[in-house]
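Chain nomenclature is as follows: A, B, C and D, assigned in order of appearance, with residue numbering initiated at 1 for each chain independently.
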Amino acid sequence: MKKINVAVAGLGRIGKIHLKNLCRNFSDVQVVAVMDLLDESKTIADQFNIPVFVKDFDQLLAVPELDAVVICSPTDTHADYVVKAANAGKQIFCEKPLDLSLDRVKQVLETVKGAGVKLMLGFNRRFDPEFKKIRQLVLDDAVGDVQIVKITSRDPGPPPVSYVKVSGGMFLDMTIHDFDMARYISGKAVKEVYAKGAVMVDPEIGKVGDVDTAIITLTFEDGSMAVIDNCRKAVYGYDQRLEVFGSKGMAQAENNFPNNHKLYTKDGISGDLPLNFFLERYDASYNQEMAEFIDALVSGGEVPVDGNDGLLSIAIGLAAKKSMVENRPVTLTEIL
Amino acid sequence: MKKINVAVAGLGRIGKIHLKNLCRNFSDVQVVAVMDLLDESKTIADQFNIPVFVKDFDQLLAVPELDAVVICSPTDTHADYVVKAANAGKQIFCEKPLDLSLDRVKQVLETVKGAGVKLMLGFNRRFDPEFKKIRQLVLDDAVGDVQIVKITSRDPGPPPVSYVKVSGGMFLDMTIHDFDMARYISGKAVKEVYAKGAVMVDPEIGKVGDVDTAIITLTFEDGSMAVIDNCRKAVYGYDQRLEVFGSKGMAQAENNFPNNHKLYTKDGISGDLPLNFFLERYDASYNQEMAEFIDALVSGGEVPVDGNDGLLSIAIGLAAKKSMVENRPVTLTEIL
Amino acid sequence: MKKINVAVAGLGRIGKIHLKNLCRNFSDVQVVAVMDLLDESKTIADQFNIPVFVKDFDQLLAVPELDAVVICSPTDTHADYVVKAANAGKQIFCEKPLDLSLDRVKQVLETVKGAGVKLMLGFNRRFDPEFKKIRQLVLDDAVGDVQIVKITSRDPGPPPVSYVKVSGGMFLDMTIHDFDMARYISGKAVKEVYAKGAVMVDPEIGKVGDVDTAIITLTFEDGSMAVIDNCRKAVYGYDQRLEVFGSKGMAQAENNFPNNHKLYTKDGISGDLPLNFFLERYDASYNQEMAEFIDALVSGGEVPVDGNDGLLSIAIGLAAKKSMVENRPVTLTEIL
Amino acid sequence: MKKINVAVAGLGRIGKIHLKNLCRNFSDVQVVAVMDLLDESKTIADQFNIPVFVKDFDQLLAVPELDAVVICSPTDTHADYVVKAANAGKQIFCEKPLDLSLDRVKQVLETVKGAGVKLMLGFNRRFDPEFKKIRQLVLDDAVGDVQIVKITSRDPGPPPVSYVKVSGGMFLDMTIHDFDMARYISGKAVKEVYAKGAVMVDPEIGKVGDVDTAIITLTFEDGSMAVIDNCRKAVYGYDQRLEVFGSKGMAQAENNFPNNHKLYTKDGISGDLPLNFFLERYDASYNQEMAEFIDALVSGGEVPVDGNDGLLSIAIGLAAKKSMVENRPVTLTEIL
């Protein structure tokens, strides 16, 4: 069997995860090259016996017989790299978001479309076994018509303020996952967004124009609703829960835990906190999303999360920002 | 010890609960009279050995040496009865809401204030052991500064449309409990309301101008938030949950169940549905609220839920209605 | 409707529970007299408006038109009182155990049989909603053929050593409930007992010849088994759990809790300890067993726990003692 | 860094697991050869790029510069292979049990001792994160003095009767893991065993002289106890639970589940069954035990499960068989 030749661009936290999964878990994949700006990253390439290490994306694309690129570089390079890869006729997996500018995203998607290559966006949470199970229950009609989607998404701690400044704000950096999740779980199109935010974790976040705590209500085209609550800091760890309520029932996904022990003492019953770090919590999802990307390449089928999914999540995020600033519900038609 | 002489007006579902609790569980209370419009209700009076049964509220107030009245009659009688009882110098426990008109409620509270009697409102859920525990954890600073309050409140089934028509709508009939709960749990004042509703259970409810499914975001004076999700029909029963998220942690109250068994079979693990009916689910709360009313009478202290609590819940409900109709956040100052 | 006239003998902890339930919760019962050795207990009688208070059991039986007696006096009076009540033709409810001597129990049961009165034993745990549900699942064949019954039964703290000395030992005082539960849940007859005990809580308990920690294996007639683990002291409270494993599945009853809150903080997830005291934990069961006793009197039907159940529990307890002392399995035929 | 050269003997289910883990997860390990009787197994060797594939254990040992062997071949080869490997001076990891004959085990251990090589036994459950956590809580004195250990261990289905016949019986094949777990969790020495068994799953198992359902009580040297309940068939899947009760509290490990969703419908609340297959349930443990074996080789330290652990588990299993047959408690001194 001919192997698919893949290159990985960017060897930060996510890049390393994808590299490891691509090297270890897929017998039909050959990682032929990696790219990173830092010299030190060469040791990672060596550790996985990757024959080519480069520091420039054009050089990466020039590697002979390359089939696909996995883009894990900083957000502000995503659009450029995707365009280059598309023009080079490579299949593309790109971490979210494509870009913080909706116009730029639209341009990129045009290019990708014109090039006839596949583009998959890294909304990894769709591939988490817990959330996938809930989606399956919805598809199986176990909850009936979806009436309310509830997403709790709280981080263990805020990123540095320097990052917050360039992140596009909480809605585009953090809630964007939840916007995608609301669309994925319900299978519905978002019509309107109302976002209410507050600075309750760190005043410095407020000083750079962002919020750290928020409640966002999404209204779908059919009038059903989703509600998301976010906070940049939950002292008890990474809080990732989901609930779908419908005409036939309700399905819930709880947090994941390092282990399930319970300790009973004279002081009470206690147990472990949820898995604290997103790489641990969503470990299985990263492998699964890559597996489904590879499957699409092998089969020639559709990727499970495409450019339009990326576009819509950004649009909802921009609508949420506008809603919060203007303190009124904002329709997606105002944004798109 | 001199007993407190109490009369009960209205022997519907709630009236019977209060009557039973007053007769059985308080050694310092004597129920001296009951009132109901129906002749048949006399058998209830007899069953509890109540010496006086009348069909008219004025006759009830005329019973000698009466200290207090417990008003459980239909909503549209509440304001009149409270005014009469206040003018007669009786202590008053009244089921919620006082009235659907804010002006009328204000008048009633003026009268009560002038008469110098106590008025306690029947927001029984404050006395539920689960929710009381959560409130205590907030008071004990176990969750730190409250940032988000989340309330799930779904009924097992909708009331008859004939009732919906006169109920004041879901926000004043059903969500009013949740508005009070948000204030109680957080100990904060509501500043603004945004409500989004839909008709997803029964189109007939829509035809009479109400909704049956809703997400309501409350903003407190300090910028922190509460979010409530409601539905008139949860096929799996009465869903009453609460979560408080703050700077030091999160506290959750789960549903209550008839029993806690688990059955493991080849088809999966299953267990009982939540307690289905509000009288069962909130059984303990009805007794506890009456105990605290009686305590206030005996001690001369403050009642734990007063007329202003009643007023504010109605105001929030009216703001929610306005918000939904106009699809914009509404401040309480627009209403009060 | 003619009421059933009941007298209560013994106003200790259990006696007061039965008195309260009989007075409050049964419209077809009239408590006509109570007996207790202590003068102070008269105030209890007064509180419940009981017309007759006596200090002697014969006087109690002499109360005119008495239908039934509820015997809650100390264990060493049970046999005498039951015999007297039977000879007087009264229906009898008696707390367990009937006596610590198997011969005496057999005599008593002969007398009761000869008198043609009903005798119900107070194995209240059979009437606990949790355990009743498990029994129902067995009856409904939800677990199939019962293969293993597992009972965890641990007390929050040991009784005084002075009590341990006269209690008949842990197996007859504490495990006797679990022996009855094993029979009740399985619906099977016990054939053989193997008990292993240790003194791990308090050496003083060992000095008076008893153990405080034990594992007991029961073998039923058909070869299926039950296992009970006991301890006189669980620092985390009253631990009362049950599991039935069979050919079609497994059913579990968990502990009961004061409330179900969970608190998430940086230190972990915590919740309340189980209900700590048997009167709270088994509150509902005391009322339910009395309701079924009253039902049997009204209907003339069988009592749900009869003298033979009392006899067998004592026999199993004696077999367990013998097994532990001789460190070998003991068959019931050696005892009965 | 010099890599440790490892060979794997036997590529059945467990062999493949160890091979995969050794190849993928340890940067300081080189798998230099594998052995299996079947020609087809060569494809597995190829898949992992193992340079040498042989069908004979002596050939495996002859591979140049070999440091260690991992023995996953059938039970009846364990003793021979361990002796050969020890005589060849190789470090040894061997699946349990070493042999079904205690004398043979003793001989093997003598040889290993004489050869001065390490021998680690594959009691993988010690390395399960859930059980390791419970052991850690015991070591941390969170449960105080251990008084009772409770182990529930039920398989999803019985092995073929042909296998049962040669397996040494349930106690040596299945319960042996639980015997080791009781020793591991308590850190105590077993003094006496009482086992009660029954044939309740499949009469054919009885015909070949074995049981399929059992309760085993272990008494430790200090009088504290463990109780194990086993069944060859739990229709709801693989049931692996653990509880430790002590003077300061109780710690519990629950089953592991494919996911934690809950579905609420009008028919009840349901969720997934436990992970059904031991390879899934104990996946993490296999990697962890290999990591600790490798660590011992690298550091020159002690292996965490040694030959004596293997010997004692077999001795307890033989005592359990004797106890069941003679229906009496059997001390280990009768066996060893």
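We adopt the following convention: a contact is a pair of C-beta atoms (placed from the backbone, for glycine too) under 8 Å apart; a residue touches a chain by one contact, two chains touch by 3 or more.
Everything numeric in this text was worked out from a predicted model, so none of it was measured.
Participant: Looking at the contacts, which chains touch subunit B and subunit C alike?
Facilitator: Touching subunit B as well as subunit C, we find A, D.
Participant: Going by the touch criterion at the top, tell me which pair is linked by more C-beta contacts: B-D or C-D.
Facilitator: Answer to which pair has more contacts is C-D.
Participant: Report, in whole Å, the distance between the mean C-alpha point of subunit B and the mean C-alpha point of subunit D.
Facilitator: 58
Participant: Using mean CA coordinates as chain centres, what's the gap between subunit C and subunit D in Å?
Facilitator: Whole-Å distance between the two chain centres: 42.
Participant: Hey, what residues on subunit A touch two or more of the other chains?
Facilitator: Each of 234-236, 239, 248-250, 264-266 in subunit A touches at least two other chains.
Participant: Can you tell me which positions in subunit C touch subunit D when the two form their complex?
Facilitator: 144-145, 147-148, 150, 152, 154, 194, 196, 198-201, 213, 215, 217, 219, 223-225, 227, 229, 231, 234-236, 239, 245, 247-250, 327-329
Participant: Help me check something: in the complex, which residues belonging to subunit B touch subunit D?
Facilitator: Residues 234-236, 264-266, 268-273 of subunit B touch subunit D in their complex.
Participant: Using the touch rule from the top, collect the residues of subunit D that touch subunit A in their complex.
Facilitator: 24, 27, 47, 129-130, 133-134, 137, 142-143, 248-254, 256, 258-266
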